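Two complexes, one shared chain (chain A), two partners (chain B, chain C).
For the complex of A and B:
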């Protein structure tokens, strides 16, 4: 006699019932994320595809006609777009500064320098200001007869055309952008510090590590994911959020010395009536972001791992 | 990295499969859109207190003929105006009537506008400044104001420098002597200039160009036969650079906005001359509020042999009708109301803009307006207005590089010739 086993037909019925319920159970997660996927598909991926599609068509009289890669050839031949790409390279070179400023300041706040609570609030202030307002303020501050040049004059130095000299203007705008945005990265760093293992810091102190050694061997590896996040978001911010500042402070000039792809896209779409060309420039910017972001994550993953 | 490449490949495949559409839709812009009971006008003036009376007068003139039609004026910010308009044109919908600057801005958008020729009637003879609103033989808009680039000067600074305030320089040698005297005996610079947006060169070209190009070269330029390698055309750009190098300009020209910083420098007595306008901003009325009777006006001096300087002027701003309006004749009637003599008179008295209707009496505004009006009879269209918007944009950027010394005149002219020929 068999104990505790069902007959063959009963087992088959149970299995069949289990299968009937197992399928919907597996489908539930898909059903739950479907609205989000749908929203992404309709409002993110479809416009992206549409933009990519437009970039392969003509402008003006050729509107709607497939013209292959002609727009891409044109933008890569355009010296203004070339200047915008060179400025992207400059931003990549300046990225360590943009990350180091909030990183170092956050470290000092974490180490409770005197007045750290006051500094924490003040550093965040510019983040809430509109780039247009910040640009207008710094237009006055950096004007040829503005306070900075008055200060230089007091020191016996000649005034500098901060926004009118092609060799200086981009650095001026980037400096203002860093001033305006480092507060947000600072907050992210502080959140990262909150997750840092205190016992490692204590151990470093007991072992006699100085500040530089503590930062290099304890803080940087401990904050590797935070640093990765800040590097990538800061780079994205520099490439896509400087439009307001550039528009107000320099308009891309002098010449094309402060052009970035985003400003180029805007000028081509709005002022030059070239939407397909602007779409091509947008796709180049998108590709740049993907490549730069992926490369940064890869490099940082290696660099921030303690050997 | 493999994942990135796979994503990129998937994207390319998706684009290839998506087929082709147009960024601006395919085919012609939609016709017959809009609301037949309401007309929407886009401009950058109706929010300005100085022009409120003009819009009321134009609205009243239109209401007298069409009491059942509602008119809505939508003021857009000027620095984004053509961007917003470009988007409306791409969408094939938006305002029924649109305000334009004359020249490249309207010609580049001719496809989106109804030819006004069948609707002009008496306005054709009554108004002046049509050339700036024509594309070929087609009239795209009706002028409201005239626009020109006279040189305003400060008589008080002339007196301070020991110069005759009623005798502005008529030759280049006299201009150099005047600037030397201003520099030596006053704290002001000779010229107030602003080129942050790259507009400075446009004003410079149209103010000094008539004293540099021969009448034949000038006419050829306007007709589209532009010889960028001619010594006289190069002279315009050389002089632009020479003014900066000689210290005639206020410091920091590339970081000074023409509107309104450069005008403020002149109004504040910190510069002896400025290239201003005869339309409603930076004009005799604006500048005269600060300088009063010390405001003088002149045209550029003779700089090369054979040149005959005149006031460069053409239509300033004007209204066109979009192709998608429900009833083009009705919208054209609104344009007629916006160029109504009574409305233009109010525009002139309130904002100081010289109206496009020469029949309007301007004799009550003093000697500066008198001289400007007298110069109109011999005036020719401005040189820079003959260029396309993209060539003007390039010229603006090159002018900044010329001042900074990062491009030569020869290279600038070569690039402009290529852009103009494209």
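For the complex of A and C:
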């Protein structure tokens, strides 16, 4: 049903009752949505406009003076921001892994591997832990003299600087992020599987399809909408919920190898005292989000209409 | 299941389960060790399960204070979120009024504006309104951040409740607010519980918003306290681990009790129809 639009009989009933209702009655819907609309207008949309404006003004002594696109030119020349954007590119490259791992696991769980209920609970459990707690745990586990390296040593391998080597650190952080969030995507996949047509699976089995063929010809087409949704939410999650991990695990270092736009915004605003520059970076992140989020809203809308 | 050895799949799944749970168990074990034990052997089970590290983290590092701050802010945010979100959800799903489509689209559109994007001007707004470094400031930050998601879930849940129920209640003489309070609020309980738990997890686990809004150390939330603890006890890993465990225990309890509601909330918006 379409939200906010009454069906024909309901509308007719409303028209006939409209005369009976006193004026304030018509105000009720507005009173009910007013707190939500006010909060979002004041604390979400007004700051967005303000930020767009900030991004076109100067910092420090030039505070508030219009300076065109100077901030944008500056951040795109800043090697640290360049590093943050390159890491966004890396996230996009690693996105298939972050989707395929939970997708494959959900397939196995759906096909009732022995112990599937237990696995489902275990895999989902890190989802409730905060990035700070997870970052802290992996600070201990991945330390240069930590258990992972002790294990490597036991195998006769040299210790790895998981968080101290600029070529490795970002992969470590992304791996931990995937470790922490694959349970979420897994559960969404399982919900998608619940809507999958069982008879197609049975037909595939009768035809003698192996697992790879079943996945390719039955499961992937049947779950296309779920896969879309997981791709979009995973990407948004990577762009907006790794701050806690980065802050605790690497602080952007070594060098600028583990920066993402959100951390760049934080550092420019809080440590460098360059709010206008941070606002320009915010607008770049916003542009990224709009592109990804437009897809999300389309999917959410469709879900509401069918509810 | 298609033809493939079940156990060929079960083995990597078991290994992954171990990889999921082991880092947490390892950290929990470290939290009970003395520094000497930790340096000598990282993997051995703690000799005596003493609570010294926990006492140090809890009282001397102020985690007790931060814990209470987190509880207060989380509780207030969740209450406001489910109240405001369910009112709006009811209006959007069952009342027709001029501009409702536009307002609903606006509320969902806020999903596109993550906190990082408006962080800098948000800070300015808090300064201008005198809400910086205050509990109401942090609560409003959380409410504004998680409201779009809450409205979306409540609207789609309420849309599944038959219109006849609302019509009947209206004919019985209830005002729209009466219908909300007497019918929609009780009927919405399953969704409200899911939304409340998810929002509680988000608020409890957040560090970015809390770092920005709470400036003075006595207003810190637990997660901010943990990041500070890391600097303080960088050479005393067992005490740091104890602090981490203190922060994780409420989450473990919530997970054990509400696992079903959490997964339902997570999936509610994803795959309808």
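Just so it is clear, the second predicted complex is superposed on the first by the 245 of 307 C-alpha atoms of A that agree within 3 Å, B and C clash if a C-alpha of one lies under 4 Å from a C-alpha of the other, contacts with A are read in each partner's own complex, and residues count from 1 in each chain.
Quick note on the criterion: a residue touches a chain if its C-beta (ideal position, glycine included) is under 8 Å from a C-beta of that chain, and two chains touch if they have at least 3 such contacts.
Predicted model only: the values in this text are computed from it and were never measured.
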Per the contact definition in the header, classify A:226: touching chain B only (first), chain C only (second), both, or neither. second
Considering only the touch criterion stated at the top, classify A:144 as touching first (chain B), second (chain C), both, or neither. first
After superposition on the shared chain, which partner residues are touched by A:100: those of chain B (first), chain C (second), both, or neither? neither
Under the stated touch criterion, which partner chain does A:129 make contact with: chain B (first), chain C (second), both, or neither? second
Quick one: classify A:163 as touching chain B (first), chain C (second), both or neither. first
With both complexes superposed on chain A, which partner does A:56 reach: first (chain B), second (chain C), both or neither? first
Looking at the overlay, what does A:73 touch: chain B (first), chain C (second), both, or neither? neither
Could you tell me if A:275 is touching chain B, chain C, both of them or neither one (first, second, both, neither)? both
I want to verify the contact counts: of chain B and chain C, which reaches more residues of chain A? C
Identify the partner contact of A:203: answer first if only chain B is touched, second if only chain C is, both if each is, neither if none is. neither
After superposition on chain A, the chain A residues reached by both chain B and chain C are 48, 50, 54, 143, 266, 269-270, 275, 278-279, 290, 294
Where on chain A is chain C touching in the complex? 1, 3-7, 10-11, 13-14, 17, 25-26, 28-33, 35-37, 39-40, 42-48, 50-51, 54, 105, 108, 111-115, 118-119, 121-133, 136-141, 143, 146-147, 150, 179, 183-184, 187-188, 190-192, 194-195, 204-205, 208-211, 213-214, 225-226, 229-230, 233, 236, 239-240, 243-244, 247-248, 261-262, 265-266, 269-270, 275, 278-279, 282-283, 285-286, 289-290, 293-294, 296-297, 300-304, 306-307
If we count contacts the way the header does, which residues on chain C are in touch with chain A in the complex? 1-4, 6-7, 9-10, 13-14, 16-17, 19-21, 23-24, 26-27, 30, 42-43, 83-85, 87-88, 90-93, 95-97, 100-101, 103-104, 106-125, 140-141, 143-144, 147-148, 151-152, 155-157, 159-160, 163, 167, 170, 175-177, 180, 201, 204-208, 211-212, 223, 226-227, 230, 237, 240-241, 244, 247-248, 251-252, 254-255, 259, 262-263, 266-267, 269-273
So in the complex, the part of chain A that touches chain B is made up of which residues? 48-50, 52-54, 56-57, 59, 63-66, 80, 142-145, 159, 161-166, 250-256, 266-267, 269-273, 275-276, 278-279, 287, 290-291, 294, 298
Residue numbers of chain B touching chain A in their complex, please. 1, 4, 7-8, 11, 14-15, 18-27, 80, 82-84, 86-87, 89-90, 108-109, 196-198, 251-256, 389-390, 393, 396-398, 400-401, 403-404, 406-407
